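This structure is in structure tokens; I'll ask about it shortly.
In this document, chain identifiers A, B, C and D correspond to the written order of the chains, with residue numbering beginning at 1 in each.
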Amino acid sequence: MTTIAFIGLGIMGGPMAANLVKAGHDVVGYNRHPEPVERLVTAGGRGADSAAQAVAGVDVVITMVPDSADVEAVALGDDGIYAHLSSGALHIDMSSIRPDVSASVAAAARARGLRALDAPVSGGEQGAIEASLSIMVGGEAADFEEARPILEAVGTTVVHCGPSGSGQTVKAANQLIVAGTIELVAEAIVFLEAYGVDTEAAVTVLAGGLAGNRILDRKAAGMLAREFQPGFRIDLHHKDMGIVTAAAREKGVVIPLGAVVAQLIGSLRAQGHGGLDHSALLKVVEQLSGRDQDGLV
Amino acid sequence: MTTIAFIGLGIMGGPMAANLVKAGHDVVGYNRHPEPVERLVTAGGRGADSAAQAVAGVDVVITMVPDSADVEAVALGDDGIYAHLSSGALHIDMSSIRPDVSASVAAAARARGLRALDAPVSGGEQGAIEASLSIMVGGEAADFEEARPILEAVGTTVVHCGPSGSGQTVKAANQLIVAGTIELVAEAIVFLEAYGVDTEAAVTVLAGGLAGNRILDRKAAGMLAREFQPGFRIDLHHKDMGIVTAAAREKGVVIPLGAVVAQLIGSLRAQGHGGLDHSALLKVVEQLSGRDQDGLV
Amino acid sequence: MTTIAFIGLGIMGGPMAANLVKAGHDVVGYNRHPEPVERLVTAGGRGADSAAQAVAGVDVVITMVPDSADVEAVALGDDGIYAHLSSGALHIDMSSIRPDVSASVAAAARARGLRALDAPVSGGEQGAIEASLSIMVGGEAADFEEARPILEAVGTTVVHCGPSGSGQTVKAANQLIVAGTIELVAEAIVFLEAYGVDTEAAVTVLAGGLAGNRILDRKAAGMLAREFQPGFRIDLHHKDMGIVTAAAREKGVVIPLGAVVAQLIGSLRAQGHGGLDHSALLKVVEQLSGRDQDGLV
Amino acid sequence: MTTIAFIGLGIMGGPMAANLVKAGHDVVGYNRHPEPVERLVTAGGRGADSAAQAVAGVDVVITMVPDSADVEAVALGDDGIYAHLSSGALHIDMSSIRPDVSASVAAAARARGLRALDAPVSGGEQGAIEASLSIMVGGEAADFEEARPILEAVGTTVVHCGPSGSGQTVKAANQLIVAGTIELVAEAIVFLEAYGVDTEAAVTVLAGGLAGNRILDRKAAGMLAREFQPGFRIDLHHKDMGIVTAAAREKGVVIPLGAVVAQLIGSLRAQGHGGLDHSALLKVVEQLSGRDQDGLV
């Protein structure tokens, strides 16, 4: 049993903290709005009134917050956790943020005698609830080994990918592939519909061959039915495409498909559909192909 | 047992004909070059000296030839099989060709009292040898039911997708998704390498989540090792991208990612790499990113 | 004075033939529908009842028809002009068609003791009326010199670009640049509008610098006012993008911007706007950016 | 005559300051490296040892520095000019930077009783020397009218485009169109060369029609000769593409061609050619088309 401070008890963080409790850990949670803290207490955890209070005396703190600026504020802010953690404590940031921010936060940790890992996750709300997340970890190998049992309480695939920031880099690559694959499946579906093909049969046979992918398995049925409730919202994927395109540009990596699909996700958001599931990329392909009900007048 | 004429005993057609023999059928093969015919005879089939001779008196003929023009020549040419087939015979064309050509060939068949299915396959040489192909079929439902036991002797997923040409349309969609997915994985790999990430670990974790796909499973290791022996050659995928972009244009379906990846495959071919496996798209991403050994001078 | 047969008296061909009459030539016109022939007679030309009749005994024939298949039919058809022209006659095809078709028509001409030039034009209906067309000519240099005085009666810039097909190749490049430039100006305008910039002032300053182009000069005002009457119709530019993308593919030339803008023109046509001016590409950018009145619902 | 402080006497700023001297103004220059200050003194201006010293008591200050961070540092830094300018003074920033930074700098100016215009230029070193720049100005109309006579001493086209930031927005649009037009011309040239067309003749006829643009006029000859000395460096255009793609993303404006050409410029830079003229985009098209001397091995 480890005492773990957990900052950020949202859609993802809430069930993850609860799973840590289930695994036998002593979890002290903090969240800006108090309701999730109460839920954690009900689940057997403890609550704190501030991030500073949560981390007092703990050896491990997990953060799960929305964006790069939030991680910087929680870690490095005037009353941030790095000002309150005991020397040698381990910070596991499971947020999805910019790789360079993860690297600089880790450097700031080292400068203060702390240790930091970036450990973003894939798998969504369902994965958080079921403790079946994929977790991509950047940082020192020894720190990863220390964190591994904790991470295995919330995920099934826990992989060390390299130095600080590497977890975020792999997460960025993940989001690139996911966005592109959705768009490819969308292009294929609209193409098949235009030719009057039996699309359910087609999805079955496509999923069985070299074209097979997780989007065909999990999202194609919803796409055929035009059901776009999230799931993973376009707004968040838009943020992530911003991360991956900027990170690729930073290193001179040319990503033609990534750049184009980032534009299409941006289009969906600009058209007011930021709250839909990312599989709604189908709507843009339909629109461009003159096959939506509404169209351009 | 059915007597089946088999025209086109190449890398794919040869093992498929042999599997039909194994399944107990009487197979009469014809090929422009004679060696594959001899192999079929050794495997227990029979040989013919011409397509016309092969189809004399049979109820079912399978064709497996390179491109649209070849199918038209074999079926509709002056000494083509439609001039020699008995009334009511069934032609199963398993070549990958343009959907509109499949539809017009099927119409020509009907006009002569014959029946035709388009039944292109996915799964490559290995799938042909192992009789584990995915087969996407277009044509009349009754003809499909009649053909099904024969097709199940060479493939494991056999699906009726709609009227004549539908098999080819689904195959075209398959090639669109495959090409795009390879390119996405290539962009991800070069991105990860540029950041010094442990790419083998990264591929593992990517394959386990929503980004998971058959290219990560089967091709990523070869891409990391820069091994690009085919497999499926760029030249053939270039032909297929021509089919899918033309077919999408014909129906007004807009495929931005398809159009861009078609350019990149065209680039690889233009640079003299038409004989490499399609996973060599990685080379173009590397080159554009200034990370190949050779580069632009 | 030369006796010139003129086949195809449409929006472009009609005024061009009239300008040849004005320049003192004896022009014998033929058109599928008879009204344009009557207009040519009123303008001082002569009429013919068939292409065969028009070319009887002439030394020069000009064709101005819609597409590749039309040129082939007029030149090479059973009752086509090549069957009726006197040996050594010169065929100037001013249609915009596929370069390879121009080259094969010219080869067919040579095989029959005739001579052929491809001489497509740029400048639109206004240029045809004002005899201010740009004319890009492919074929033998001697034939070009012979044709030059005739072509200078309908155009102001008359340039020999290389062997047979070269005129069409340059026309294809022209259409690539025009389409792409319209799209770039459209992206710039929507961008400037989104930021509340004074777009008329902006167009003035953009047109004055390195960004200056003929689209800013002639089309931007209409784009700002959302006036999209043709002009040059999307349907025709869609045909031309088909020619240039196929011709580039044929030679392994990779044209990423050309491929993307071809998709966007295809989108406009698929959405039912094939009859608008090509500057209506602005509508697609607006739509994708959620800034049209109608939008995606 | 006005006393004008001029901060940043580089390739552009140096000749601009000299032109202000020629126009009769009292110019006090400052530059990080002292040589350009000496040149200004030789040309009849005065020198200062710091930005703070340069602006002491002046009514107008012009800044011409490389990037957004430089403008922020010069204006808002601890010893920046805003700390030293007299109340009511006018700051004209002629650097090319992010529109949002220009807007926030202008807001900071207002908060301190100062006034600021953003006034980036187009026309290059030659335009700076010849005082023939195009200048796109954002800010208050009254401030623009006050600045106009000063700006007309360095440029021929001086246009007010809207509120603070608008000058930068128009400059961003300018760079988008320039980059895209170069790429379109590059695609056209490689296409024409592949077909063996007389490219000089082709450029002439293209420049004369609707495809005509300033790149064909000024850069095509150098592109045909493969002469890529700057001119305007890829490194700077890469910075500018970062600005325009980020600014478009910020407002939800979808720019498919802009996004793709940004990747291609990024490629040239990643391949070590950041110091070449932006017309070197031709090299990427050649490379992708297998038509460079070096190629992919």
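The rule we apply is simple: a residue touches a chain if its C-beta (ideal position, glycine included) is under 8 Å from a C-beta of that chain, and two chains touch if they have at least 3 such contacts.
What you see is a predicted model; the values in this text were computed from it and never measured.
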With contacts counted as defined, which of the two, A-D or A-B, has more C-beta pairs across the interface? A-B
What is the chain whose Cα centroid lies farthest from the Cα centroid of chain C? A
Using CA atom averages as chain centres, what separation in Å is found between chain A and chain C? 52
Once you find the CA centre of chain A and the CA centre of chain B, what distance in Å lies between them? 37
Cα centre of chain A to Cα centre of chain D, whole Å, reads 39
Touching two or more other chains - residues of chain C: 252-256, 260, 263-264, 267, 270, 288-291
Chain B-facing residues of chain D, complex: 256, 260, 263, 267, 270-273, 283-284, 287-297
If we count contacts the way the header does, which residues on chain D are in touch with chain C in the complex? 99, 122-124, 134-136, 156-157, 159-163, 165-166, 169-170, 172-178, 180-181, 183-185, 187-188, 190-192, 194-198, 201-202, 204-206, 208-215, 218, 244, 247-248, 251-258, 260-261, 264, 285, 288-291
State the interface residues of chain C toward chain B in the complex, per the touch definition above. 242, 249, 252-256, 259-260, 262-264, 266-267, 269-270
